[in-house]
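Contents: one structure, followed by commentary.
The first chain written gets the first letter, and so on, giving A, B, C and D; residue counts start at 1 in each chain.
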Amino acid sequence: MDIKKYTEKILSALPKEAVKSVQEFRGQVSLIVESERIIDVLKLLRDRFGFRYLIDLTAVDHLPNEPRFEVVYHLWCHAEKRLIRVKTFAKGEPPTISSVVGLWSTANWHERECYDMFGIIFDGHPDLRRILLWEGFDGHPLRKDYPVEGRDEKRNN
Amino acid sequence: MGIEQSGGILVTTLEKVVNWARKYSVWPLTFGLACCAIEMICTAAARFDIARFGMEAYRPSPRQADMMIVAGTVTKKMLPAVLRLYEQMVDPKWVMVMGSCATSGGVFRSYAVVQGIDKYLPVDVYVPGCPPTPDALLYGVTKIHEKIMQDKWLTKKYEHIKFPEKVKS
Amino acid sequence: MRKEIIKLNVGPQHPSTHGVLRLLVELEGEVVVSCDPDIGYLHRGIEKLMENRTYHRSIPLTERVDYLAGAANSLGYILAVERLLGIEEIPPRARYIRVIVAELTRIASHLFWLATHGHDLGAMTPLFYALRDREVIMDFFEKWAGKRLFPNMFRVGGVAKDFPDGMEQEIRKFAEELPEKMKDYETLLTKNPIWINRTKGVGVLSIDEVLDWGLSGPMARGSGLDFDIRKVDPYLGYDEFDFVVPLGKNGDTYDRYLIRLEEMRQSCRIILQALDRMPKGDIMIDDYKVAFPPKEKVVNGEYLIPHYLLVVKGFKTPKGEVFHHTEAPKGELAFYIVSDGSEHPYRVKIRTPSFVNLQVISKLAKGRLLSDLIALIGTIDIVLADVDR
Amino acid sequence: MSDTLIFVIISLIKSVVVVALLLLGVAIGVYLERRILGFIHLRYGPNRCGPFGILQTIADGIKLFFKQDITLPVTERTLYVVAPIIAGVTALFPFVAIPFADKVLPDAINLFGRTIDLTQYSMNRGVIADLPGGILFILAVSSLSVYGVLLAGWTSDNKYSFLGGVRVTSQMLSYELFLGVSIMGVLMVTGSIRMTEIVEAQKHMWNIVYQPVGFILYMIAGFAEACRTPFDLIECENELGSGFNTEYSSMKFALFYLAEYIHIITISAIAVTLFLGGWQGPWLPSGLWFIIKVACLFVFFIWVRGTYPRVRFDQLMSLGWKYLFPIAMANLIVTGVCVLIS
């Protein structure tokens, strides 16, 4: 089954209003999903289509645009050997989105990293604190408005 | 006015003997930070064999170590631990900086990396490279040996330091 | 009797945390009640640095992510960039060189894992034997690239340099001899009753747990999950090679140990096959908008200007986003690159295997002894730069 | 001048000689260990310091002597300082009763016109004190050394040291017992607990022939008693950092280091005395035979260190109590039956 047909099959099963659009680039499909429905979509993909392996969870900062933070999930289906990318936006200030730790335990550290690096709040995360940087670090370094060399360069060095 | 006894043959001989002993018994701290630690382990392994210099006794406890090889990137999160380890070591102690990250931050000029550990620690020998080869590390070891042999810890004179004649109240 | 819990701080400087991992362990006697890893002591901000560099200038940074398998990391990155650019085909010789180097890196990484894992459990000698064999690979890299750990020779569209004369024979000799030399480890460890006691039944994972925790690499295959990206999503033409993906049954430390040993043998097979099929010829595509022209031709203005532009400005990529995963020695290594059409990547996410695999330790260590915790750190096969990036 | 004073002087001289030999033995032993481990690991080992690196241990010793000696502000300061001394001194005790040579002095000497019979108290023999209950004395004092380690672990105010101390206590307690049982067979065969008599009883045949199981059991227990690989759980650097001696530096650490190696020599010496015929041997002088045999066992300790991984703590305990102790008891019963029948 080629990628287009497979995507259509998935789309037909997903709730219509949940999926905003579908992108395809270099043979990889991205589903852009409403942030309120992200848990439903991921659960459906996991339970019905066998995307049981959450490869990666990350975020992208589109600074001038609004909503600013895009959260990206990469899922892998072991049975079909297929990759799918699900994207959504974290809205609000601070940006908030529901946590998927209930679906995959592996999301725990991924979400903590996203919180650490972007300041995205994952609603329902059991233990949301900084993971790579220390408590008390000023700012979220992977945001586009954070300088590479750090804000407190003079003070810290 | 300081220690100004020039010391006889006894003192200088003792100094030489102790320096000789220290030279051949530099026990490094088991302490690796990043990529350079791998090359440090390779130096300890069969081919380069740092044991020839009596240095295979890597001590896990800083109390018993003589030399700290800062092998790898020091991040700002790790810096307090590094400093603490240095303070826990007992005198006499030496610090060898291995690799460009620890020397100057190297390629990682970012918000998380300390741009050179020499801002915080008194460094004896720098070994450049990213990572330095084991040969380079061994060369650094011989430089440490030279430094130890020239260490006038017993006969050092402090005449050049001028103390005030009278401290005014 | 009053029970008291000891809070033990393992690391960040500890001989067996493989670097600067810190584990906050709560002990009841010798039994681990809870184990909370504290990572980030080697967080160097590589992802942020890459956003401000051209695509080519990021290659050395990616090699320093997993410093035990540097070439495997830059390979993953290069493949992701090539996918972003839409380069489908590179010259076959370059492809085989990439395969050989990737597999040599896998062997080197596994040998180092064997060395440290054995040393963690108190066996000193495997450390020296394994590093002896690893030195041969380091020699190959030094001869080829001038650098031992990080060859830094993969470029977009090929490799920067061909193997020097005679090196193919040397690699063949090494790949033929390594399975023989590995018998030393078998006699020292595989059948050693103490080793079996220390590793069997320690850190058992079922397939469901593997999927739940998102594990990959030998951690997943140890539990019997048939997941090797070289097989399920082939890249670099791995589907043309004949090799077996070893799978475990019990999902414990001993199975993972056997799997990594077997993977080294399989890597030797792949290397031999690649050497057999390797043709002579180009090692770089001739699209000088993205690929470096050959060094000896750069004196000529026709090649000098694209070379200059590539070095100084880099190349532009189409707008879009790609995700490419490869089978690194420690598991699934994935690069997710978002491009806004400029010379710099807009966002690079490195999905490193150690980061994901490490978080299962708090689950595995619970209720085990302190000594088992050390064995678990070894069996997960982490590299702290890989965890923290 | 009474005979007693002469005896005291002779004993003192012997003690000084034994201690000097032991310290020399430790120096050579450490050097040997590093070289032999190097040989096992396909590398050189120390070879820069003096010819073939022979002066390596001396350099280490001088360096440790001239290193800063810190005393941490711990709660039990006295015990913290005393612990290494206990460890270092008690390690020497068992050698009081171990016969290291046949006759080192004539039967009688003529001093100030008086003939003194040196066969009294075995003064002419190569043993500091030929105690009637020699082996019991050795068993008693060798278990004292655990106090040094235990106190060090407890008073260091360091959790790693503490865990090391806890481990050493339980390890010693369980293996002390079974060490005692494993040598009981020898005592049955010999019919004596005086060390010199045990050695002399092996004139024609070594005890290892009658007690092979006992010897193996004794060696396993010995490895545990000396805290060597595969039972070096108290200071295994991969788990506990440096173990009980984490907070000790300079000479305090050197004393622990010394005690560890004297322990190995003691364990080897007891094994030689009980099972391998002590100083008995043809052609060469008896003292030399003793040293050769001890050295061989010492090398065996190093060889095992280069070969085996480390056992886990619970496995160590279950190995001792569930397997080795019953075997030792069975060995004891079988020996008893054999002795009764013959």
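The rule we apply is simple: contacts are C-beta pairs under 8 Å (C-beta built on N, C-alpha and C of every residue); 3 or more make two chains touch, one makes a residue touch a chain.
All of these numbers come straight from a predicted model, not from anything done at the bench.
Peer 1: Going by CA means, which chain is nearest the middle of everything shown?
Peer 2: Chain C is the most central one.
Peer 1: Distance between chain A and chain C based on Cα centroids, please, to the nearest Å.
Peer 2: Each chain reduced to its C-alpha mean, chain A and chain C end up 25 Å apart.
Peer 1: Calculate how many whole Å lie between the centre of chain B and the centre of chain C, each centre taken as the average of the chain's C-alpha atoms.
Peer 2: About 32 Å separates the centre of chain B from that of chain C.
Peer 1: Quick one: chain A and chain B, Cα centre-to-centre, how many Å?
Peer 2: 46
Peer 1: For chain C versus chain D, what separation do you get between their C-alpha means, in angstrom?
Peer 2: That gives a centre separation of 47 Å.
Peer 1: At which residue positions does chain B touch at least two other chains?
Peer 2: 30, 45-47, 60, 77, 109-112 - these are the residues of chain B that touch more than one other chain.
Peer 1: Can you list every residue of chain C that touches 2 or more other chains, as numbers and ranges?
Peer 2: 14-15, 40, 43, 45, 48-49, 127-129, 132
Peer 1: Residues of chain D that contact two or more other chains, please.
Peer 2: Residues 41-43, 237, 241 of chain D touch two or more partner chains.
Peer 1: Among all the chains shown, which pairs meet the touch rule set out at the top?
Peer 2: Result of the pairwise touch check is A-B, A-C, B-C, B-D, C-D.
Peer 1: Give the list of chain B residues in touch with chain C in this complex.
Peer 2: That would be residues 29-35, 37-39, 41-42, 45-47, 60, 72-73, 75, 77-78, 81, 85, 107-113, 130-131, 133 of chain B.
Peer 1: Once bound in the complex, which stretches of chain A touch chain B?
Peer 2: 133-134, 141, 146-151, 153, 156-157
Peer 1: Which residues of chain C touch chain D in their complex?
Peer 2: Contacts found on chain C: 6-9, 14-16, 27, 30, 118-125, 127-129, 132, 188-189, 192, 194-195, 197-198, 369-372, 374.
Peer 1: Quick one: which bits of chain C touch chain A in the complex? Just the residue numbers, please.
Peer 2: Listed in rising order, the residues of chain C that touch chain A are 39-40, 43, 45, 47-49, 51-52, 83-84, 86, 211-215, 225, 227, 232-233, 320-323, 325, 332, 334, 336, 338, 346-347, 349, 351, 355-356, 359, 363, 388-389.
Peer 1: Under the stated contact criterion, what part of chain C meets chain B in this complex?
Peer 2: Checking each residue of chain C against chain B gives 12-15, 19-20, 40-46, 48-49, 60-61, 64, 67-68, 112, 115, 127-129, 131-132, 134-135, 138, 142, 148-150, 384-385.
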